[in-house]
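Which chain is which? They are A, B and C, in the order written, and residues in each are numbered from 1.
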Amino acid sequence: MNAPRPHSRRIFLRRAGLSTLAVSGGASFLTACASGGSDDEDDVSGGGEEQTAENPFGVDAADPLHVVIFNGGYGDQYAKFHEGIYQEQFPDAQIEHEAITDIRQQMQPLFNAGNPPDVLDNAGAEQMPISTLADTGQLTDLTDLWAADALGFEGMTVEETLHPIAIEAAEYADRPYVMNYALQVYGIWYDRALFDERGWEPAQTWSEFMDLCETIKSAGIAPMAHQGKYPYYIQQVVLDLAVKHGGPEVAYAIDSLEPDAWQNDSIRMAAEALLEVKNGGYMLEGTEGLDHIQSQTRWNEHKAAFIPSGSWLENEQAQVAPPSFETTVAPTPLLEGAVLPFDCTRLEAAESFIVPAQAANQVGGLEYLRIMLSRDGAREFTELTSAPTVVNGAAEGVEASPGLASSLALIESGGENNWNYYFRIWYSPMAPKIETAVGELAAGRISADEFCDRCQEAADETAADPATQKRTRP
Amino acid sequence: MQYGKYRFIVGFLIVPLALYGTFVISPFVQTIYYSFTDWTGVSPEFEYVGFANYEFLLEDDLFREAFFNNIVLLVGLPVFTVLLALLFAFLLNVGGTGAGVRGIAGNGFYKLAFFMPQVLSVPVIAVIWTVIFSPESEGLANSFLGWLGLGPYDWLASPSMALYCVLWVLVWGSVGFYLVLFNAAMSSVPRDIFEAAFIDGAGRLSTFVRVTMPLLWDTIQTSWVYLAILALDAYALVFVMTIGPGGPDNSTQVMALRIAQEGFQNGKAGYASAMGVVLFLVTLVIAALLLRATRRERIEY
Amino acid sequence: MATKTRATRGDISVSAASHIVLIIWSFVVIVPFVWTLVASTKTTREIFGDPWSLPADPQWNNYESAWDKNVGEYLLNSVVVVSGGVVLTMLFGSMVAYVLARYPFPGNRFIFYLFASGMMFPVFLALVPLFFVVKSFGMLSTFHGLILVYVAYSLPFTVFFMHAFFRTLPTSVAEAAVMDGASHTGVFFRVMLPMAKPGLLSIGIFNILGQWNQFVLPQFLSPDRPLLTQAVASLLSNQRYRADWGTVFAFLAIAMIPVILAYLAFYRQVQSGLTSGTLK
């Protein structure tokens, strides 16, 4: 009647082995149990078949595959396509496909019981804390996946086809554990059609941007809105301004929890800049209390000209935006003395796909991921969702909407200057504190100095906490 | 004397106790166990850490802020809900004009209408009120106050107002049920008692205080305790309605939200369990105090 | 004895003031409700763009898409679980409360506090262990599993509430029944329970509402056989990713119907049950 309370990994694995036995046959039982009490991170379950060119992980054709997809902004159509390819390759495999939104509610018990799915798309508001999963050995090492042949790309390994930020985002303790699938492009978004009509252009420097705001304001439109309820969005702008001004070292310092990382001048200048926008009356009235749908809807209605967001925006507002609306991304303007060029931005490798370490068919999971990263697989995703993937060049030939086209263009033009940060994933207790401070800043209730102090305080607390795993960059 | 008294007692208690023990007590006890470990919530591996979680809790500023916010709700929710519900119950039963003691006209309509909030579930209520409390000047609350020449206010976006908005919505969502409760209790008070009071020249207010309330005391006491527990456990509403959630600037942070955040987002299920145990103890103490403070002689009639 | 036969001026002004207060509250209570209904016929843009105006073109197809999202099935699931849950809760809750209230025995107080303290623990903390308990009985995503869990979690307040109620019932009637040869169970079912009707009705409504609106438990324990409120909560959180609020509100409107019906049914019962003077 009581829940099993495993006190050692050995006992636990034995139980996992037993359940695996029931599910996928003798071979996996032996593989799972073989190393008993030793560190068996290198032993992978499932498979046992010969490793060939077509089947680099030795997937057993009869083993079932359990795929769980987060049914959010990207839907799950793309997953059905990928499963179709897997099925063609392994016609005898039973594929269980689940598309849910409450990832944590449904997956947490499975992880605790030792029978998680083979592939999990860990995304959404109810996602599992991924850095915790990595730290507790719950994820399969993807090194073999990285080294395998890429499908649809002659002579290249999977790793070689991926955007550098995806490779960076995958790593914990210098090994890849997470396959982030979607490449999200951040920036400030506007309606190209509106701007063309009024003869406006997104500004490149900050002073030009202020002038533009004045022009927009006198036309009766609020220059900027933001998703007040989720300060995460406007936080992007602050960080983007800071990093473009001070270079990627600004982000490295923050992610590495270096002392005084948040007292950096670039960050202070960025905070001042945001205050300029707020105090100049350029923010949409009431935006601090609006959630993302409400504020984005106002933006679709031309009540505001710019809104910070990411490349999912077009898809998210698809039902709301009028047909003539051309969702387009603009990079944030450059502060005085910026070291990076205008045409770059933050790229996030998101939509984290993992193969849990306790999964019954780990090699099947790896093969499935390889299929997702194939040229056809990636292109299908972009076709269905209008969102870029982390696979370079896979979006070629896709008919691109304005949002997608401008996103792809920015990925291209930014090149190596595109940057990312990880503190949100690495130090999950710290992130909400930063966001709280950003919220206060965006509302004009604190000064730039206070903002830096508060962020620094949160960072210092995290650095001093013995329970938090510290990581460094680059 | 009746036979088989103990057999009767056991017979009546055994099934419910078994159910309760299996599905409620057992998981709770396990949670207490987890509070002494560093369980992450996502892994079957964890270690015993003694009182470390509790020590950390004493230093946790955020938890302390949450605690004080809960105290605000703890005071506000029972007071306003019970007062409003009592008031409406009284008006509906005794507020009418005319001969003797009558309910007010339109009784039936009011009773039906006031129950409406109970029909909606918490996430829905949260969404609706978030829209009403929109800080834009066209938001309903602001445009309404605009007619009166007040506002516009930031409501949920203002660190000083947000918690009170949450309190208001909690009250709004609770009055309906307690009105039905008090109404029922009042209806079972024989009319003669009220009439007698009137004859003796008692005004409405003193009738209310000296006659109605003592007769309803048990019901009021139970309601009070339950509302207090609701105030301490508030989670779903805060989660959906507030900025952050828990903001702006931690002004609507509450203990239950902290537990969910630490346990589910930060991978600190052991720590969250410790918070849960503390919350449980706090609730226990407060409930016991309330029951003791409001103890009165029961009136049989 | 003379009673007042005519309303005095004081009476009228008090009554007028009462009406004003009540009308204000009616407004406060009805507007959000009506808003939900109107929103169910709007497009997403209209709901958030012009929240306070009527739709340009009522989108009745929102109801169709809500139906396509299986709202009917979830409704049925909820009705089954809540019916079973409430009946059993009331039965077991009264049984326990009665025994604890009227029969002193060693351990009586302890058991009472055991139940009462159950009200004070935040449920979602116990979810993971609870999941394993339910799983070990093979009761995940089953009606009976959910019902039993619902009952277990509703017992604390029901016991707490009915305990107070049973304490106030006069002993005279019970004693008379015993003299007539009634057994313990007989006294309970034939005398005490009917006398406790007002309390039962109140706590009955409370349990119906509480169990109907519960979504955290089924989210964890019944992922494959969803209940209505958990579907609503899911839908709402899903809205962060795909804005289709018109359908959501249509879904909500449909979800409200059973509760309104239950209340209307009970409402009459409450009125007739309470004013029949059974307590005297």
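Just so it is clear, a residue touches a chain if its C-beta (ideal position, glycine included) is under 8 Å from a C-beta of that chain, and two chains touch if they have at least 3 such contacts.
Computed from a prediction, not measured in an experiment: that's the story for all the values here.
With centres defined as the mean of C-alpha atoms, identify the chain lying farthest from chain B.
Measuring from the centre of chain B, the most distant chain centre belongs to A.
Does B-C or A-B have more contacting C-beta pairs?
More contacting C-beta pairs are found at B-C.
Could you give the separation in Å between the centres of chain A and chain B, each centre being the mean of its C-alpha atoms?
Distance between chain centres: 39 Å.
When the centre of a chain is set as the mean of its C-alpha atoms, what distance in Å lies between chain B and chain C?
Roughly 14 Å, centre to centre.
Among the residues of chain B, pick out those that touch two or more other chains and give their numbers.
Expected reply: 22, 26, 30, 41, 131, 134, 139.
Quick check on chain C: which residues sit in contact with 2+ other chains?
48, 128-129, 133
Counting only residues that touch at least two other chains, what does the list for chain A look like?
Correct list: 1-4, 108, 112-113, 126, 294.
Spell out the residues on chain A that touch chain B in their complex, using ranges where they run on.
Going through chain A, the ones touching chain B are 1-6, 9, 12, 104, 108, 111-114, 126, 128-129, 131-133, 136-138, 228-231, 285-286, 288-291, 294, 428-429, 432, 435-436, 439-440, 443, 445, 467.
What residues of chain A sit close enough to touch chain C in their complex?
It is residues 1-4, 71-73, 75, 100-102, 105-106, 108-109, 112-113, 124-126, 292-294, 297-298, 300-301, 312, 316-317, 319-320 of chain A that touch chain C.
Can you tell me which positions in chain B touch chain C when the two form their complex?
Counting only chain B, the residues touching chain C are 2, 4-6, 8-9, 12-13, 15-17, 19-20, 22-28, 30-31, 34, 41, 84, 87-88, 91-92, 95-100, 104-106, 109-125, 127-129, 131-132, 134, 138-140, 143, 172, 175-177, 180-181, 184-185, 187-188, 190, 195, 198-199, 204, 218, 221-222, 226, 229, 232-233, 235-236, 240, 256, 259-260, 263, 269, 272-273, 276, 279-280, 283-284, 287, 298-301.
Please output the residues of chain C touching chain B within their complex, sorted ascending.
Spelled out, the residues of chain C in touch with chain B are 1, 3-7, 11-12, 14-15, 18-19, 21-22, 25-26, 28-33, 35-36, 48, 51-52, 92-93, 95-96, 98-99, 103, 105, 111, 114-122, 124-130, 133-134, 148-149, 151-153, 155-157, 160-161, 164-165, 167-168, 170, 178, 183-185, 188, 198, 201-202, 205-206, 209, 212-213, 215-216, 229, 232-233, 236, 252, 255-256, 259-260, 263-264, 267, 270-271, 274-275, 277, 279-280.
Using the touch rule from the top, collect the residues of chain C that touch chain A in their complex.
Touching chain A: residues 43-45, 48-49, 128-129, 131-133, 135-137, 219-220, 223, 234, 237-245 of chain C.
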